[in-house]
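Two complexes come next, and they have one chain in common, chain A, joined by chain B in the first and chain C in the second.
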Partner chain A sequence: MVRTKGYPAALDQKLQDTRLHNDDSNPEFTKNVKAISRTTAHMCYQCGTCTGSCPSAPRSTYRIRKFMRRAVLGLENEALTDPDLWLCTTCYSCSDRCPRDIIPTDVIMAMRNLAFKRDIIPVNFLKTVQSIYKTGHGVPNNDVNRAAREKIGLSRDPPTTHMYPEYIPGIQKILDHYNLKANSDRIVKEREG
Partner chain B sequence: MSESKFKFAFYLGCIAPNRYPGVESASIKAMKKLGVELVPLKGASCCPAPGAFGSIDLNVFYAMAARNLVLAEQMKMDIALVCNGCYKSIWEVNHKLKHNKDLRDNVNEVLKEVDMEYKGTINVYHTAELLYNDKFIGVDKVRDSVTNPLTGARIAVHYGCHLTKPHKDREFEKEVMLNTEHPVWMEELVAALGATPVEYRNKMQCCGAGGGVRGYDIVHALDIANEKLINITEQKVDALTDICPFCQLQFDRGQIEIQEKFGVSYNLPVLHYAELLGLAQGMSPQDLGLDLHGISCESFLQKVL
Partner chain C sequence: MVEKKKTTTKKTETKKKDTKKVAPVKQEIKKQAPVKTGPSEKPRIGVFICHCGTNIAGSIDIKDLEAYAKTIPNVAHTDNYQYVCSTPGQKKITDAIRDQKLTGTVVAACSPRLHEPTFRTATKEGGLNQFRFEMANIREQNAWVHMHDKEGATDKAKDTIRIAVAKASLLEDLTPKTVPVEKAAMVVGAGIAGMQAALDLAAAGIKTYLIESAPSIGGRMSQLDKTFPTLDCSQCILTPKMVDVGRDSNIELYTYSEVDAVEGYIGNFDVTIRKKARGVLTMAEAEARGIIGGGCNGCGDCDPVCPVVKPNVFEMGMKPRKAIYINHPQVVPLLYTIDFDSCVKCGLCVTACGPERKAIDLEAKDEFIKVKVGTAILATGFELFPIEKKTEWGYKKFENVITGLEFERLICASGPTSGHLVRPSDGETPKRIAFLLCAGSRDNTGVGKPYCSRFCCMYSLKHAHQIYEKIPGAQTYIFYMDIRSFGKAYEEFYYRIQDEGTKFVRGRVANILEDPKSKNLHVYADDTLLDRPMDLEVDLVVLASAVQPSEDTNRTRKLFGVSCSMDGWLLEAHPKLNPCGTTTAGVFLAGVCQGPKDIPDTVASAEGAASAASIPIHKGEVELEPYFATCIEEKCAGCGMCVNLCPYSALALVDKDGRTVMEVTEAKCKGCGTCGGFCPGGAIWMNHFATPQIVAQIDAFLLGGEQ
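Presenting the complex of A and B:
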């Protein structure tokens, strides 16, 4: 995106703040990340405490500091299409140690929300949605566990949606309000046929 | 039997009731002995999984967690739960909705469709917090309830992430619980059972399962767990204890997957603190369904029974 303040072209070029903008910047992305994450990514001064605290960093190319910079610069495409976006375990170690009191983990979550709007999402996330839509549980009961529960004096199914399936339509209504089941089914089908 | 001093709506989550039911039954029985009655929260669902739902759409995450909160509000009871992941969803959404009118209004607009309204009238606690905080139970009472001390057992603690982190957003009455660099309050609870808590390198590291990573890239997730297992087994411990069934799944079933994928085995028994407490109060391994664990607890049981 070209910004101009009406200076001569050469001076305008000189004044371009490449630390805050480059041609791929989308200022809307910065605003959206801030609105969803409810934290202040723009306060980041790139010290790297976050990456130094990250359990995913030593075993991958995932660098949380890089995503923080992308949030500030508005580098939407670069951030949302990077597969490393999905390697954050959400341990919040970076957030506990950030000297600027930012919550980088929530910046990642906001970026994932924005990626999902473009259908960028690993299918395992969607399968959790499908499971909850069907049973109310992300990890549902099974027969081995039912037998074990009975043996230790518990009801075969826990007193959750498993024992009271009449609560499931309410859950489905909430998920349908956001069209989440339909979108999940569509994306899973596109990926897996 | 005397009337319980405290009553809580018992929010179960998914992995405790559906994979490690001993955590559910031990929590109910052990807490009862300590004056806390856990009442079933009928019709509760998945919290929902903070990694999956939080990543997809935080608005759905807030609404789904709010539904579980409303069920407890209708019972006029505070929630007690046994999982750090559930704590992140249930406690944190409760906290966010109480303090942000815009979020609360959005959630209530959706809940109206299912004839519910979030009012913000209850609090949410992890059972570990109830055990540690003497306002409810406290370490001394836990110690007094032990009939079968776990003497001689060396036990490492995995705190997990989402109970205490990010600490700047948490509001524990016991300030030591806000120390996320080197907490020792769980070690106090382990010592109260007669066991020896054991420190190890990088104790506060994540188990690697959260944020959807276990489903997205299992080898990456297991490599994080493996690093912790190396650090823990270095200290020659008899068991690892946790307060999060998802972390427990990652370390317990994960050891089998680590064996398959990396060719290393540790055979380290992994028990939720509720299971340890149950054992120490005289419940049998059968009562706790310990045979459901991926890694046999036999070596540990021989030491303490």
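Presenting the complex of A and C:
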């Protein structure tokens, strides 16, 4: 950033050129997102049906339509560094209704994958990885749940790794195969010390 | 009444006369002695390679191709040019025929569809018979599909030219046949397109049969209230035309009728019309049965006594009708119809009609009428896409979600509410109204339609205007993706509607939910310009539903041999240069059956179709390609197996000089080649596609040019 003489840094920041320039677009990004998501991400015509359907949108700044636009234009940095990328609930409402037959949810998943490759990921997602590694569950069972289950006549633990912990090593093997645990541990350590 | 009777009698006379005038086709055709061997002189073929700008030259090496063409046997001359179809290009052909004493020509260029006639003319101008020309398609089937493989494309083009030269070397002189054209036309569908086409044909002095499947004419336009952007009332501009159609002595109107069968070809279509059992006699029909002064006069005495109540389709089911009915008071013809699917045959209407009029016949049967026409126009129109299939908008689930066509009836003075727009749920006047554009259009999900329905933007703008005309204090919202106001004075209309207070929301509606108590609707959408999701409560939602071809379109088009595109719209001969024609000679398209059109475009297309359909009729005769089968009588064993194979019943066995041989009715033969390929004795010669010619082509391909 070019500093203007006598201006405080914050003002400089505010006055910086925000126009879209040719080199903001990376055509490879559009191609990659398409390849990973296996949906026609470049065909979005910005109708807004997705954002109108999105349960996350009314309660946050997350706009799926904006990410679709970034996919079309190849705005890689803008898409991958936007913290809103992690606010999709993967409910697939947008995918149900998109008139262009695109699956925006899978576009978001593709972008998250690409972001993770650059170590861009919120810590809570990494903690989920750690929890899965440890227990086989993103959200493990707890005593409140156990009591509730018992009350309606279910077993205290569900028939998952909670009941069959002997399968946990298998899950760990899968996560290790993708280096997910090691990467998560590394990033969490970097962030939290 | 008396006048009307006279007209009808006159019509019948004209019809009789016309039938007499036309001589049977077979006699008109001069029998031509077939040439059974190739031309005797040594073939000298000229090959002309077209660059088609860069269309061909961009993916095929023209120099290499021409050098190769010189080496093909029988090639006496080669040339190439940027656009062979241009004047200088054609001159190359005519000059070479004269200077090089060519016996045949090959043009390697586009598909024969557009330019075969061009190059035939050039060949003829050079002094050869026009059928001594063969086209090698190196564009559509080569350059365009092998754009990224120049070497492969060039090799393929060499094959194509070699094959064409092989055929051109064996081509023979042929004379096109001319047949007389019946001085009558048919128009199928009597909406605004069909009516306009019929009126134009009639005004040009052509007897026109106008066929309409509904009991009355006027089509979709007669359901509309006002029309954009001029806001003139649809009825006011349409009714006079309907009356004109009803009284034009050149128009023979068949309502409640459909085309049942079509035989023949341009100039001579034999069409069977099915007059569906209507159960009510016109005055003329009554007179024909000896009921003098009887027949339906439209008094409506039958209506109140009929005990059967059904929804009125014309009113989109929002008004009842009886089993004996007219759709609305202004129908043309003013003639009742019995819906025999719901009639209980109680006979109460017969009594009400009375012994003088005696208009009702409960035992009526379908009638079949045969007519002969020279040309035909299809104007079968459209219907709404069943928008309930897009479940997220709740049509047919939420009472206060209606379609644009229902809105038209509700706002129309002659509609079920006498023009008072009300909510279906409680009859209240809606104050907050949302219009949803592209409802089912521009939809690639496979549920809706991928195309733009083209007139919904504009009619929704008009609807918004009508709300402000009738409901003070109302607020309208138009949910849109793009406003397509491309016609004359349309953008100005858009300006006006925004100025009147309509809020335009750029966002496609995600879904609608109903408040079960108030029956109000919550419209969920993304205001994409504000980048903010919205939840808008409204009293009424109007869906600008997509349109699709009318129900009977597919059946009718098959009868006339007309193709359709993937979405069912009828296919024009050329989207730009021949939008009213079809690939079936003598059959034309008018209005929305070819693709969505607003009223001005529909009328223009109808007038175009009428003009095109009148040309062969005014010429009086048409040329037919001489591609029919001929019998080589010396070889024919008279087995007759071909006779049953012919899909067009063009063949028969006859006795000639004490022998039984096959004979072809040339006018019936379409040159399909079924018989020629089958004949075990090789006794059938298909003009222009004869066995030696085809074999030479196959050899040229398989032997790669070796002799």
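Rule of thumb we're sticking to: the second predicted complex is superposed on the first by the 148 of 193 C-alpha atoms of A that agree within 3 Å, B and C clash if a C-alpha of one lies under 4 Å from a C-alpha of the other, contacts with A are read in each partner's own complex, and residues count from 1 in each chain.
Here is the rule we use: a residue touches a chain if its C-beta (ideal position, glycine included) is under 8 Å from a C-beta of that chain, and two chains touch if they have at least 3 such contacts.
Bear in mind the structure is a predicted one, so any value in this text is a computation, not a measurement.
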| item | value |
| --- | --- |
| Touched partner set for A:Tyr164, first chain B, second chain C, both or neither | first |
| Residue contacts on chain A - larger count, chain B or chain C | B |
| Which superposed partner A:Asp101 touches (first chain B, second chain C, both, neither) | both |
| Touched partner set for A:Glu190, first chain B, second chain C, both or neither | neither |
| Chain B versus chain C as contact partner of A:Cys47, first or second or both or neither | second |
| First (chain B), second (chain C), both or neither touched by A:Asp119 | neither |
| Which superposed partner A:Glu28 touches (first chain B, second chain C, both, neither) | neither |
| Contact residues of chain A, present in both the chain B and the chain C interface | 101 |
| Chain A-facing residues of chain B, complex | 12, 14-15, 17-19, 21-22, 24-25, 40-46, 48-60, 63-64, 67, 110-111, 113-114, 116, 161-162, 165-169, 180-181, 204-206, 208-213, 215-217, 220-221, 223-224, 227, 286-289, 291-292 |
| Chain A-facing residues of chain C, complex | 392, 438, 442-446, 448, 481, 506-511, 524-528, 531, 533-535 |
| Footprint of chain C on chain A - complex, ascending | 45-54, 57-58, 63, 65-66, 97-101 |
| For the chain A and chain B complex, residues of the former touching the latter | 36, 55-56, 59-60, 86-93, 95-96, 101, 103, 105, 109-110, 112-113, 116, 121-122, 124-129, 132, 136-142, 144-145, 148-149, 151-154, 158-164, 166-167, 170-171, 173-175, 177-178, 180 |
